[in-house]
Structure formats: structure tokens, C-alpha cells
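One structure is given here, and the rest of the page talks about it.
Which chain is which? They are A, B, C and D, in the order written, and residues in each are numbered from 1.
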């Protein structure tokens, strides 16, 4: 019998990804930084550094600190701003033979809408909305911590966005499924989760926080069990595709998220440690399917038996 | 795992030698032909210190390239926390996972005299720099000024004596060897030439100040916390003098070596 | 000059602890299991395994699984029940020359009240209320995830409880400070935090959850940054003492929590790894104060500079 | 760190020897006088496999005491995951952090014959058991029945031959050595005596079944996931036959050795 080709392709709305391995925003630069280490085109998609209307300088240093099996970051969403993003970065992306997702952030629903509208006119493949940001109008409570705000922002952005729309959820909530359902109802094509968990570290010598911003976002293997639980809970509630994120560094991790129901995964902190890891995961995932005679990756997704 | 394209690579190198130079300072020699071929003085590598199958410590540690020889690189490091402690426990024959060469190193241009000023572990990148200057500019004068807390903390000085026509001057805080005082006091008030400096902030600040006064070009090598070392995380921010217009500089990409006049020291 | 004695004593209400090192419920058995490894009397206090009105068998195995720098547990609150606790365990505790805290759990406010009332008549030193348990009357939502429920349960138990009353908070919430304030208002003498974070792990070979209960509680060094952040946030809001819990295994960890404002700390998972660790931490904390010439531990508590 | 009170202790022991017995099976010999003095056959130790300064892997790993000699204990283990992989990379002269001796071991009473039945890594606790029976009951007969997948997986058999008057019988699934078939087939249908069994569940179930039929006393050594190994976490639950009345048993305290008739196998 002829060996059948293994099919790793997955879909988010009309958008077809050649495989489910994506990179997570803020951990893969604009892709070019990684060109020496892997073939960016081999990935399912890349999500680039979060972008705001105007450039942001971000938080003062120190901005990163290591924790047990994890790290805290308080980069403060440093980015070049929408205009330079379009003029300088998008031409780079146009050379890639894979999907490029813009991650957007703002202080108000209006910010997000303008970003989505403007980016819809570019060659960007899809838009991911980071709703972990504080809503300035609501006293700085993050959009993503309230189902109503999550619904409102999704619905508003949806109207301006002609690209596949991904809503990225924060884990710092009592019930993430409520937020995911709100995003689905608001018209999202997919949800991605989790963003970082809020954490802190203290330098006992100076008696000061280790991050200038005092608190920061926890990421890395330490948070994987929490991320996996949330992905599984959300997959049991929504019908749109779910993108799993959080502490993924090995092919076993990828498989755990797929089994829990994730259509795709994003690799975050692991890129910072092993810049070739995302490329390796594509190779290893392919090998896993072949060794286990799984012709189509769809057979894995959501196949957890509970 | 190796993506050898004559540029930055991730590779596993065999430890050819690892030895304790002093109480808590170690030199490690790693076989890595690609990195040794491409490295520039002042560049660094990111070293994984966790043992295989362990996710902790998670992040790599940045270490300057101390010396480059026949397909090997050597690193000189001080045990200050758990990462360096783990690295010190590696043994000859073990393999170590490194990224490199990373960052922008020292720029060497024609000069009457090259002053290499190191304080504490700031000595690490200077040997490679001195050897490179000697190789590329055999006729120019090289002066090495080294500061340390005490004789015990002063390691890896021998390497400099092995270089042809290099002058080495030493200062210690406690006077246990060399000049009793600060390394900055070793720089002649009428010195002419280029200064390359690596050490603690107060020392670099003082050196940069002297250079401004004496109108000497000065390059400094900066340390910050780093997560990736390759420009992806933006964790290594530092203010340049043009901060208001252009935002933060990033030590792992824009540095670690900067012209002193471009940085707020 | 004569060397002054270092004072490690801290207070929770009228209750004075000889030092701030406690053990966390469910990780120290009833103390006796540790007698070979440390001097239980040297600790500030011990918190014993959670106790319910009736005995519970707990969840089926597997009940524990290791994760990166952490572990998941789904013990399911196995315990001998109130009556055997009083008849068999309290006589053991009476031999200890340190405080013994009973940790209580139930399905309804009434359960908690009956436990508190009955235990108030025993030689137990204090009562810690685990409000991470599902409220059966409210469809299984955990008491600790809603400020109103947290207030109600605290107030009700307070009326029946003549001992120092500690409310133990769950971290699986959007805003833990709201719950802490509710507990304070309800009459708690202290709050302790955090309990475990809900997590999950999947065995890719069997395609089944690694825990029979599917989800479990994440503990250990992995969660320390989250715990420290929550403790700091709560210390900035409440005036009652805060007991810090989560991933503490080194004296540096203890100091971080004290600097953030915790009056005392509880050692959890670390006991399972190094059964003598709590005793060692008392010794190391004492040595730290002496070396740094800190006469009174109160000088450390909350001394973080932000 | 050592709390040596002739009972359970946490101690750091020097590795006197570590060697690979077969592809992925290792024997490690650790100097630990207190544990070696107090250990009973069937008991186990909890071994820390993370290197110093690393929090990962977090939990210790349970391993049976394989042999006890002059102040040392030896462990026989198979590399199945990251903890055992790390332990296999330890070297002679390194120190390893262990707790022990833990749990309830085998009860040895007067018998005509003692049948020790091991499958796969279930062989680990049986050598110590055989040596103990020989020492305490020199006149009684000892029969060792060992099962493995293949000749390659059958390790550490030599130790048994060194014991006076011990009969050893072997079965392999692939017939590469000994009887071609299951180890249970080696137990004579008319056997009389006590059975001590350690191995995979299906094998222990089969052995327990045979013993019930032949009215032999049978003890089995059970494996579960363990976090603490000392009765604190209640993670190691297993159902006894009196589960309805008395709830779960806990393998690390009530076991790992149980009378087969008291456990749901």
C-alpha cells in the first residue's frame, strides 16, 4: 500500500494553516530575528509583537526576571506603532510563505477598531486582539476580565475587521469560559488562550520588586497546567476554534493541547530559550503522526477521553 | 539541532576543559567551530545551564566570549547565582547548549594606543579584544588596566602577558597587589587613544567621564537582565541619550558594546 | 554590648506565634508523620489536613501528578471526619508545644458553622476555613469565588467560632482583594492565601487525563510569583494579618512574602519533598535576622519599597 | 541535614558505584549507614533526582531497596522518564539526597518454601528479601521465579546465584532465555509455602489468583504515583477489599507490600 501523506493542516474560519504550530505574540519579534535559527515558512503561522496606534516605549527596566520554570515580563507593550509597523514590518512579512497575525492592543474600544480597520487593508493574514489591556474608560480594569466588555470589544472590532479575528483571553479571571463565550457571541472566528498570569518577585537584598513595574506576566512551563485546564474548559463551551497557549515547549505539550481540543497552539517563552524550537515542533509533530499512523491531525483534536 | 549557517547558531559543544581560576571564578573551554570562526570581541553567547530533561533554570545565561582558539571558545565566569553555580558543576566531556555569537562587539579602529579597562568580571571580554587588536594592528600600542577588589579576585591576567608588547597595569581596592586604589587612577591624565571598558556601572561611569574630559573615544560593554539575548523579548532595555525621540536601546542587539557618549551612564 | 535576642514572634489577633513559619493544610498530615524529620514544636504553628463533618474517602487514584516545578493534586479532601478527628487526633496535638490550626471544609454554610462550633470547644488553637470548596446550594460554585458568599460564610462561622478565625482564599478569581475584604468585613482575624490554582495534565499515550478527577490543584514553586503578587495586593487592602502561602521552600521565599506584607507564611508542597524543610526554615530565618542585625521580625514585614 | 535517629531519615549519601546493567537499567550504590542498618526487605527510599539549585523535577522518585551491605544500599532502576534519566546521569562520587527507609516491607514467617516471584523491574526488592530470608532462616528453601520480556531485560540475576541453596527459574516472553512463556507457569501446581511477588499488575493478579487456588499466603508489592512517600499527601491511594468500610489504603504507609487477599488486584 502506498504511504499516505500525513495531513497537518487546520482551519480557522476560511483560513487554512499548513500545520497547527504558531508562535505567540511578543516572543518571536517580527520573525526576522529567528531567520538564522529556523525556516519561518515551515510554521503554521507567526503572531508578531503587539501593536498600538502610536509607538510605545514600554516600561523602564528591569523588565524580565526568571522564576521557577517560568519568567515574569513587564515589557509594557513596547512597539513601533501602527504606521511604522505598516511601512517597515509588513514588507518583511510579505516575503514569508506562511500566515502572519497582527496582535493589537489599545486603551479604548475605539483604538482597537482603528487598528483593526487599518490592518484589514494590509496583507496581514489575521488579527489577534489582546484584551488583557486595561480599559482606560473603565478605570483601568482589563477588557478581558469582564464578559460584557469582552463582548463589546469583540463586536465593535468585528465590524471593522475583514480578516480572521482571534480574541486572546487573559487567565486572570474567575471563569474564562464566560469570556470565551462572550467573544464567540461577539463574532470572533477563534479565541486564543492564555495570556500571562499576573505575578511578582522581590529582591530581598534591595527590598524592592525585581521588576520596575512591580508586577509582570508569568509565562513558561510553570503555567502549562493552568493553561491546559482553561483550554479544555473553553473547548467544552465554544464551537469556534481554540488556540492553546501557555508553557508549550515539547511535542508532548503540543499533543496535550490538541487532545484537550485546541485547533492550533502558540509557542511563547520557549522561543526565547530555544529559538529553533517552533520549527523543531513542526518536524516532531509530523513524525509523531507518521509513527502513530494518524493520517489527519483532526483525528487528534479534542480526542481526550474523560 | 545545529543550524550552522556561519551566522548565529544554536549548537551543542563539548566541554574541553573546565577549571576553577580562583574561589568562585571558572574558565570553561567549549568546542564550537562555527561560533569560534564568527565571533567578534565583545560579543557574547547564551548558555543553557539546566541539565537535560529539567526545565529549571528556564532561561539561558549571557556570558562574554573570553577567548577564541582553534575551533574552541572559552568563557570566564563568576558564580553569583544558581545558573552559574550549575555551569560550574559541568565536567570535561559534558556537552553544553549555547547560542551565539550574539550582539554587537567592540569596534576597533586605527589608534596610537588602545586602552582596555576592566573591573571585576569585566575582564572577561578583554582578552579576546586584546588578541584581536594585536592580530589586526600589530604596530599599535595596547595598554591593559585591570581593577579588582583584591589579588584573589584578579584572575586570568596571564593571558595578557602572553600577547606581544602589551602593557598591563593593576589596581586593587585593598592594595593586595598593584596600585592601591581605583583602576581609573591608572589612566594617564594625558592619555591619547581609544578606550574599551567593561566592568561595574560606577567604574564605567567614571571611565566615561574621564574620556569625555580627555576627549578620548570610549566604548563600554553593558550588562542587563536578559531573557533571550537575540532581540526577541525586548527585556534588555537601556536608555540611550536619544531616549525621548527613539525609545529604549536593547543591549542584546544594539549592544552589549556601546559608545559611552550614546548611553546614559 | 550584649547580643540582643532576636524576636521572631508574630501575632494574629490575640494569638501569639513564636515565629512566622507554619505548615499548610494537606501537606503536613497531622504532624506525627514528620516527627522523625523535625521538631514540630519548633514551628510557629501547624495547620492540619482539612476536616469535614463526616469522613470522606476522597477521589479515586491517580491523585497526584508532577508538573514543571509543581504538582497537581486531586486528593478530594480525604479525611477521617470530625468525630474521629476529635477523638483520635486532638489528643496527639495536645502533646505539641506549638499552635495547631484545624482546617475545615463543607458543602454548605451550615456544615462550616457546625465544624467551627464543635472545634471551638476543643484545645485546637485556631480555625482556618477553606472556602475553595463548592457551595452545593449555589450549584457548586466555590464559596471563595464570590465576595458575597465569602462574606456570608465568614460572618456565619465567626458567630460560632471562639477561636482565632483564618479565612483561606482561592486564587482562581479575577480579584482576590475583593474576597479578602469580604472576609475582613465578615469578621475574620486573618486571611491566608493562596490555595491551589486549578490545573490539568494529559497522558498522551492513553489520551486520558493524568488525574482520575480530570482537574486538580497546582502547587509548588511554579505558583510562587502568582501567590506573592496576590499576597502583596491583599496586604495593600486589608488591615488584618495576611498569611502567605504558595511555593515557599527557601528562606529567600519566606523573606519575599514577609517583605510583601505577610505576617506569617505556610509551607506546603515543600514538606512533601523535604520533610524537614519547615524546621530548617525556622533556623535559617533566625540566622538571617541575626546576620542582618534585625532585632524584631516586625521590621521586615511589609517593608517592601515600591 | 541528616536527622539520624535510627528511624526514617533524610540524608545525603555518596554514590559509591553506578553502572548500567543493560540498555536502560542501572544499579546505583549509595553510602548510607543509617538506612542500611534499619532497612527491611520490601521497603523503599525516595530519591531526589533534580540537581542542586534546580526545582525541576520537583518530586522525589520512589525506588525499592535492592540490596543492603556494609553501610551501603543499592537500588536497581529502569530509565522510564525524566527523573530516572537524570538519576542515571549521576556519577560515582556525586551525592544523592534520599529519604528512607519507607513503608512496610515483606513479612517473613516460618515456611517450608519461600517463592519469590518477580516480573520486569519487580526483581528490584527480591534480592534483599532473598538474602534476608537466607540469613534469618538458613534451613528453609528459597525459590526465585523471574519473568522478563527478553534476555536483555533480565538483569541482576547473578546476585541470587550467590546465595546459598537458592533455586532460580526464569521465563521470558520471547523465549530468548529460560522458559518460553509467563513466569506464573513456573510455579508448581502443588507448591506449598509463601509467595512474595513484585511486578506488573497483570502478573501480580495472576499470581494472587494462583495462590488463592493453591491456598498459599501471598504478599504483593504495589506501585502507585507518589508525591511524598511518607504518608503526608494521601496521593498514593489504592482500594483494599474493605474499601467501603474503611476507605483507601495508602501505598507508602500501609504498603508497598500488602497481603494479596487484602487488595483489589
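Here is the rule we go by: contacts are C-beta pairs under 8 Å (C-beta built on N, C-alpha and C of every residue); 3 or more make two chains touch, one makes a residue touch a chain.
These numbers come from a predicted model, not from an experiment.
Visitor: If you tally contacting C-beta pairs, which pair wins, A-D or C-D?
Guide: Output for the comparison: C-D.
Visitor: List the centre-to-centre spacing of chain A and chain D in whole Å, with centres computed as mean CA coordinates.
Guide: Once rounded, the distance between the two centres reads 47 Å.
Visitor: Taking each chain's centre as its mean C-alpha position, how far apart are chain A and chain B in Å?
Guide: 36
Visitor: Using mean CA coordinates as chain centres, what's the chain B-chain D distance in Å?
Guide: 53
Visitor: Could you pull out the residues of chain D that touch at least 2 other chains?
Guide: Only 55-57 qualify.
Visitor: Considering chain C alone, which of its residues make contact with at least two other chains?
Guide: In chain C, 67-70, 220-221 touch at least two other chains.
Visitor: Looking at which chains touch which, would you call it a line, ring, star, complete or other?
Guide: Per interface graph, the chains form a complete graph.
Visitor: In the complex, go through chain A and note every residue touching chain D.
Guide: On the chain A side, the touching residues are 68-69, 221.
Visitor: Can you tell me which positions in chain B touch chain A when the two form their complex?
Guide: Those residues of chain B that touch chain A are 1, 3, 5, 7-10, 48, 55-60, 99, 224-228, 230-238, 243, 247-248.
Visitor: List the residues on chain D that touch chain B in their complex, please.
Guide: 50-57, 82, 85-86, 89, 91
Visitor: Please name which positions on chain D make contact with chain A in the complex.
Guide: Touch list, chain D to chain A: 55-56.
Visitor: Quick check: in the complex, which residue numbers of chain A touch chain C?
Guide: Per the stated touch rule, the residues are 67-70, 72, 145, 172-174, 197-202, 204, 206-209, 214-215, 218, 220-226, 228-229, 232, 247, 252, 255-256, 259-260, 303-306.
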